[in-house]
Every structure is written in C-alpha cells, then in structure tokens.
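Below you'll find the structure I mean.
Naming follows writing order (A, B and C), and every chain is counted from residue 1.
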Amino acid sequence: MVIHQQRLAARQTRRGLRTAIAIVLLALMLFPVYWMLNISLQASGGTLPSSFFPPHPSLAGYTIAIEDQGQNLVTSLLIAVGTVVLTLVIATPCAYALAQFRFRWISWALLVILISQMIPGIVIANALYTLYENIGLLNSIPGLIIANAANAVPFGILIMRSFMLGVPTSIVEAARVDGAGLVRSFLSIVVPISRNSLITVGLFAFLFAWSDFIFALTLTTEGNITPVTLGVYTYLGAHISNWSAVMATAMLASIPAIILLVVAQKYIAAGATGGAVK
Amino acid sequence: MSDAEVLTATEPTAPSSDTAPARRSGRRGEEIAKILFVVPAALTIIALFGYPVVKNLVMSFQNYTLRTFINGKAPWVGLQNYVAVVTDEVFTKAVVNTAVFTIASIVGQFVIGMLLALFFHKNFPLHGVLRALFLLPWLLPLIVGSAAWRAILEQDSGILNVTLENLGIIDTPIPWLTSPDVALIAIILVNIWLGIPFNLTLLYSGLQDIPDELYEAGALDGATGWKAFWHITWPNLHAVVSITLMLGVIYTLKVIDIILGLTQGGPANATQTIATQSYQRSFVEFKFGQGAALSNILILISLVFAIVYLRATRRRVDE
Amino acid sequence: MIKKRLVAAVAIATLAPLTLAACGGGGGSNGAGSNSSSSETVESLTVLDYYTDEPGKSNIDAQLQKCGTTVGVAKVDHQSVPGPTLIQKVLQQASSKTLPDVLMLDNPDIQQIAEAGALAPLGDFAINADGYAPGPVSAATYDGQLYGLQPGANTLAIFYHKDVLAKAGVQPPKTWAELKTAAKKLTSGKQYGFAFNATADYEGAWQFLPPMWTNGGDETDLKSPQVAEALQLWKDLVDDGSVSKSAVNWKQSDVNDQFIAGKAAMMLNGPWQIPSLQKAKVNFGVVPFPINKPDQTSIAPLGGEAWTVPETGNDAKKAKAAELVKCMNTDDNQMLRAKQGGLVPTKVALYEQYKTEVPSMAGFTDAVATARARTGKLGAKWPDTAKVIYTGMQLVLTGQAAPADAMAKAGAS
C-alpha cells in the first residue's frame, strides 16, 4: 500500500512538474502577446513601451474598443462559425472519398487541391470580387462565409484525408455487410472515428476565417460589414495610429474566440480508433 | 509488433465483385453516390480557384498595367515578363532568401511543434487549456503581431535586446531588423514563432489518433521512450507528418505579410523573397504581368514539392 | 457510362462560375456605356477615401454630407478603406466598372491614375486651380489638364524639444553643418540628437526629399553630386551616432514615438503629429529643414490628398461629383479641414488669415507655399524613381554602397 501511495505521489509530482514546464513554455510563446497587452495599456497610443510593466496603466484603449467594436466582434464570430460548419460539410465527405475510395484520378485530384493552396490570397480575392459582383454576394455575411469556407476546404480535405487513411476498412465493411448504405456508414461510423481530425480542421477553419483580412476588405464595399480585422483600422489612419486602441481591440476580440478553442480542444481525445476494431 | 503493422495505413479494399443484375445496378448507384461525396468540394474548388489560376497564368504573358484595369487591354508579350523578373538584380537574392527562409522556418517550426506535441501528449493538469492557448497568436491580426514584434526587436529600446543586455548575454544591441545580415534571421525566427501553433495542433491530433494499445503492446516488448517514438509513433504519424510538412512548405513560400510588416523587404532588399517581390511588382509598382510571372515561378517550385509528396504517399498506400 | 455522363455534367456545372467571372471582368456590365443627360436629378453620390481613423473620418463625413446638401444631392455614401489598400480597391472597382463618383487620392498617385484613363479632367466642369499654391497644382496636372483639387496640404519640417535644446545651449539648426553639430551635441545617454525615417518604401523616399531638393538635387538626375551630398548628410548623421541605426526600420509614427519618449532631441516629421505632441504635453518648436549652402532655399515635399472625379460614364453624376469636389474646396471648407486635420489650406489667399488664427502652424504654412510635388517632373514615372531613391538611401545607410555610386547601384538611369 505504501509503495502504491509513493508511486501515486511521484506520478502526481511529475504531472505537476509538467504543468509547470508547460506554463513556462507557454509564457515564452505568448510573450509577444503580453507585449501587445503592455502596449494596449499605454496612455500615449504609441508602440514604445519603456518597461516590462506599464508605469501608468490606462484603460483608455479598452474603453474605446468596447464602445466601437462590439458589432464587429459579433460579425467576426458569425463568419468564423459559419465557415467551420460549411467547411466541414463540404470537405469531410470528399476527404473520406479521396482516402478510401479507389478512384483512378485520386493523385490528380490531390494535385489540383495542392495547387489551389499555392495561389496568393490576394489573387483569389481579386477574382472573387468579380464573381461576387456578378452574383450579388458582395457586402453579405453569407458571402464572406462562402469565401472563407471555399478557401479552407482544400486544406480541410488534405488534413482529414491524412487522418482517414488510417481508418480501418474492416469497420466500414462490417457495417456494409450488415446492410448500411454508403452514406449511412459514413455518417455513423467514419465521422465519429474521425472526430479528432474534424475538430482539428474545424479549429483551423475558425482561425483562418477569424484572422482573414483580405476577403473582408475586398468583398465589402459599404463598410457595414466589418469583422474585427477590418475594424482595427478605425484606429490606424494613413498618418496617425492609436496602437493602444488597436491592441485593446485585438485582445478583447480574442477572448470569446479562445474560449471556443479551449472548449473544442477538449474533444480531441486520445485513441478514437482504439477499441473500434474489436 | 504485428498489431502495429496491421493498424498502420491500410489500403482500401476493392468492393466485392458480384455478377447478379440487382447488385450491378446497386453498384452503379453506389458509384454515383461515391462521386457525389466529391462533387460539392470539386465545385467549390473549381469555382474559387479555377479562374484565379488561369488568370494568373495568362496575366504573366501580358503587359498588364493600371491602364488595363480601365480599358481591359493587355497586350501579349510572351516571355518578356519572365525574362524581366529573372534578370532583375534582386532576383538571385530573392531566390536564395526564399530557400533559406523556407527551409529554416520549416525545420524550426516542425521540430519545435513535434517536441511540444509529444510533451502535451501526456495527461497532466491543465494540458488542454494550455495547449489551446498556444493558438492565441493566430487569433490576433497579423498587423497587430508585426507591430508587437517590431517593438520587441527594436535595436535600442526593444525588450529583447534590453533583456539580453541585462542578462549579460550580449554587449552591444543586436541589429535585428536593421542589419542586412541579421534581418533575415529575425524574420525567420518570427515566422517559426508563427508556425508553431500550426505544427503543434496537427501533430498533436495525429498523436492522439495512435491507439494506446500499440504503446502498451510495445512496452511489453520493451519499447519505451525513444524506441517507442521511433518504432511506434513515427511510422504511425507518417501521413500526418507528410501533409504537415507539405502544407508548411506551400504556405511558407507564400508568406508576405510578416516580412513586409517587419522590414518591408529591406534593409536594402536583404529580406526580399520571391513572394514579396511578386507582391511589390503587382501592387506597389503596378507591373501586374511581372508580379504574376513571379508568383507562377513560386507555384512551379511548390509543384515540385507537391509531386514529390504525391509520389511518396502513393507508394505508401500501395505498400 | 454513368461516370462519363456525370463527369460531363460536373464539368458544365463548374464552367458556369468561370464564364460568369470572365464576363464580369471584360465588357461593360454597368455604367460604362450609359450616358445620361445632365438634367437628370442625381439622388446619391459615392465617395471613397482612406480616412479610416477617428476623428478624421467623422470630420470628413460631416463636410461631405454638408456639401452634398449644398449641391442638391440627397445622399452621400462615404466609404473609407485602410490607407495601403486604397489603390487596390480602386483597381478592383475600375475593372468591374464600379468606381465611386468622388475619389480621394494621395497627391503623388493622381498622375498615374489619370494616365491610366480613370479620371475625368476637371476642366470639363469649368473647375480650375487658380489661386492655389504651385505644389498641389502640379501634382494634380497630367498632360496639361487638371485632375484633382487638394483642399489641404502638409509637408516636412524639423521638430525639436525646446527645453532640451535650451539646456544644452544649442540653437535650432539653420544649416547642415549646424544640424550635424547640434545632433552630435544633443546625443547623450539614451537620447539621440536627431531622428528620421529611412524605410524601404515611399515613406523613406519622401523623407529623403528635403535634403535632396534643398541641396539642388533633382529626381531626374539621381547620379548627380548634389544627391550624393544629401546621401552623405544622412550617412554622416548615422555614422557618428547622432541618429539611431534603427532609422532604416522606423516609420514616421515610430520617429514620433521616439521623439515624444525623449529618445530623440529633434525629428523630421509633419504636422499630423501635432495632436499627439500636444496630448503628451511636449514643448516643441518647428523650423524648416536646414540648407547646405548659403544661396539655397529649404524645399520640402508636398503631402496631402486631393479629391478627383473618376470616369464612371455617367455624365449627370460626374457633373454633380465635380460640384461636390468644388464645394469641398471652398475657402470655408479649406479652413475647416486645415484646422481639424492639422493641414495647411492650399489657396494662397487664405495664408495670412490661417497664420493669424493658428499661429502654431505658421512655419508649416510658409513651407507649404513653396512645397514641391513629387510628381511635378516625372509624372506617372515617379514611383519607379522613388524605388531607386529609397533603395539607394538604404544601401548607403547599411554601408553597402558609398554615396557617390549608391544611386547607380540602386538602378538609377
């Protein structure tokens, strides 16, 4: 019994140590973010904080940000969440097909998808402007959702396909033998098993859409739809910049987003395929 | 060990052949259903990317200027744009910088991402929250990030130099962004920082997908620590590692925002890459044909990597 | 069989968006061909600029709305986009024939956009720039025709900390020699004597123009010894430690931050920084950029934006837009814009009044009267030359070329 308690204590210390190390690593990684916090508390609006801790912290930047950017935050969230849903709906079946179905043209399809990732974003945005202008999707949140989702779909396909290559066909075969259709076996077996990759792709789709600037800029012409990435320019003029308001906006905007990400990350559980074969 | 081999990437098995007519029409229906899995994605990709690819290619053979936007005329000039950009004196430096920037960024991001993913693979308190917080840099607009980094890397009063000097590691401030020799290193370091969350998240998910039974079985055979990594983790991670590296290379070749935000390609063209040159040709100098030519050169380079990747994965699947 | 037909169907379905996209780029979908008679009433006008930040955006908006009422337009749609993205937006709109009715352009961009055929000459609407300072007129004139009216202008001058200079017993410099000695003397501890921006972009080129032009250098002949001497001045200041090496990476806002934080005793900057200087309660003075030799005059580059009328093909709207542009340039509106935006009016007749009402801007007013347009001689070819200028300047400041051959090395013809 004593040995067991000792082992337990030792493991808990090791775990606690890991947490401590993780916090240090995170602190190093997030130091620039801390610096943004530092700048956001400067009264002057410049980017030149003179010391580690702001000598006279001022919430002026935050007051301005809260007053101005609430609507923009909602816009960003709507676009990002919409993008996640649409991306997963379109990309997941395609990823599975390219992973498990035997098409002769899979390599070509993958090549096309990879090429799509090589195009500079601004080239795509310019082409999309013309298209949207013709079909009337400018200045709309659905329009931005479609654009961001279409941008994230190739990435989603490539990532999920890599994960789905490891889905044992024996499971799906078993379901098919039992009479389940292709779509049914896909939805009830493959999707749950691929939960990790779906959540991962969802995370990235969210991040791509959240931090997108080029589509938001190009595909809006009236200034009534401004996600946060565009909204910060209220404080960045052609000649003068109020960086504390900019940083405050960025910090505030990231709070709801990081909450969503933390919640989502919890679902990337270990060994999703384990036990399924048995 | 045999379980591990069984549970690595299995090749898809062909549908069972059957000659009964009912099954044949069912198979045809299945063929249609299989195509329908792909159709929405195919439509999306062609609609969004088809036109830009074609337009970019065509534009690189045209004299495309500001005037073209007004009257739509872009005279054909053949390979003139390509000749112009390749013989430009900054081109060689841009190519070298692109190679150094990409290779160093990928190696740095991947190794650190891998180490962090392995580190977070264990279950310890708060590991989920802490890992999610690593994504925070991606939530902040790049213009905010580059402003913060410029402040940190400032030669005289930036906190990095101040800290290094206070710790006694350096005597004179390092000219991070102001020396042609050091600037490239500085942007590589910032780009590695930017790329860590990407690698960490993908590799971590890949690790999570490896069944615990493999490790338990391996531990019984005496494979722990480094051996476990080499014989169990690495082979099972192959597909995720390949796609992470592949996409990492493609995305890094395209990077412009962080470079332009930190150094504008300077000082004295020390941090120009093919991507930044392409952007500046098009949107600062309004020589869109040349900008398109440069981005096509970049696409060609990416294509080489893509073909290598496809060859490698195809061989793997066929094994 | 089915597979082939399916593939064909998919191919046709996907060609649709391609053809749609192709259609949009080419022939006129809206606006290009239509020519309405000038007697039609114009309901609304669209305006595009880059005044995204407050309070500038609201101030301009108020002026635009008021002018809209004055010229008899029910609605003025005012859109602002981030500064660096304005031209991209204009190009997108040009190719889809959706240019705004009134377009703000930074003065060095006017001639390029006019050359491309996107702007309507203001002479068509009986608008001229009589009584304006020469700089704004030459910037907005292409091929003999006026394309824009600029209500306010700014330029560069040397700001200095009055207390710091008084304490060190240094007079604000009037010559280059005085600048060098003053800067050297004022460099102590964390404080540099002088700060300027030398980045690898148009801002860096713009900041190099005061020494270059004052010394008689010209943008049409960058390899001349006068330009080399200007480069030498910049190099000397950095080499002897009076200016931080970080100047190659500082934007003008960074230079201002350094000045406010007391890390630079003097700086080269413009009047748009004055609100932040006043907010930080800096006791500053302003002097024009010093001269090198006794018979020279201090010449500074012209800054500021103009209002233009794009070619939208709609004559009625263009006429109304021109009226709006003229309204934004009335004496009252020029004075208002100048006071709100930290600018100087461009009509010479207003100068005395402005100097009396806003004494702090007296120095800048005189400078604007003689300010020189960057595109005055090179027109649409200015951007290429600007690139050579900032590249050459950075080669000198990073020690990779000597002032004598830096411009040649940077590609000067």
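Here, a residue touches a chain if its C-beta (ideal position, glycine included) is under 8 Å from a C-beta of that chain, and two chains touch if they have at least 3 such contacts.
What you see is a predicted model; the values in this text were computed from it and never measured.
Taken as a contact graph, with one node per protein chain and an edge wherever two chains touch, the assembly is complete, since every chain touches every other chain. Taking A-C and A-B together, the pair of chains sharing more C-beta contacts is A-B. Mean C-alpha positions place chain A and chain C at a centre distance of 37 Å. Between the CA-based centres of chain A and chain B the separation comes to 15 Å, rounded to the whole angstrom.
Residues of chain B found to touch two or more other chains are 42, 47, 51, 150, 154, 157, 283. Annotation for chain A: residues touching 2 or more other chains are 47-48, 50, 122, 126-127, 131, 236. Residue positions 17, 21, 25, 88, 95, 254, 263 of chain C are each in touch with at least two other chains.
Those residues of chain A that touch chain C in the shared complex are 44-48, 50, 122, 126-127, 129-131, 133-135, 217-218, 221-223, 230, 233-242.
Listing the residues of chain A that touch chain B in their complex gives 14-16, 18-19, 21-23, 25-26, 29-33, 35-36, 39, 47-50, 52, 89-91, 93-94, 96-103, 107, 109-124, 126-128, 131, 147, 149-151, 153-155, 157-159, 161-163, 165-166, 168-170, 173, 181-183, 186, 196-197, 199-200, 203-204, 207, 210-211, 213, 228-229, 232, 236, 243, 246-247, 250, 253-254, 257-258, 261-262, 264-266, 268-275, 277. In the complex of the two chains, the chain B residues touching chain A come out as 7-10, 12-14, 30, 33-34, 36-38, 40-42, 44-45, 47-49, 51-53, 55-56, 116, 119-120, 122-145, 147-152, 154, 157, 159, 193, 196, 198, 201-202, 204-206, 208-213, 236, 239-240, 242-243, 246-247, 250-251, 253-254, 256, 275, 278-279, 282-283, 295, 298-299, 302-303, 306-307, 309-310, 313-314, 317.
Listing the residues of chain C that touch chain A in their complex gives 17, 20-21, 23-25, 29, 50-54, 56-57, 77, 79-83, 85, 88-89, 92-93, 95-96, 98, 106, 252-254, 256-258, 260-261, 263, 270, 272-273, 275-276, 279-280. Of all the residues in chain B, the ones that touch chain C in their complex are 28, 31-32, 35, 39, 42-43, 46-47, 50-51, 54, 65-67, 69-72, 89, 150, 154-157, 175, 177-180, 263-270, 283-286.
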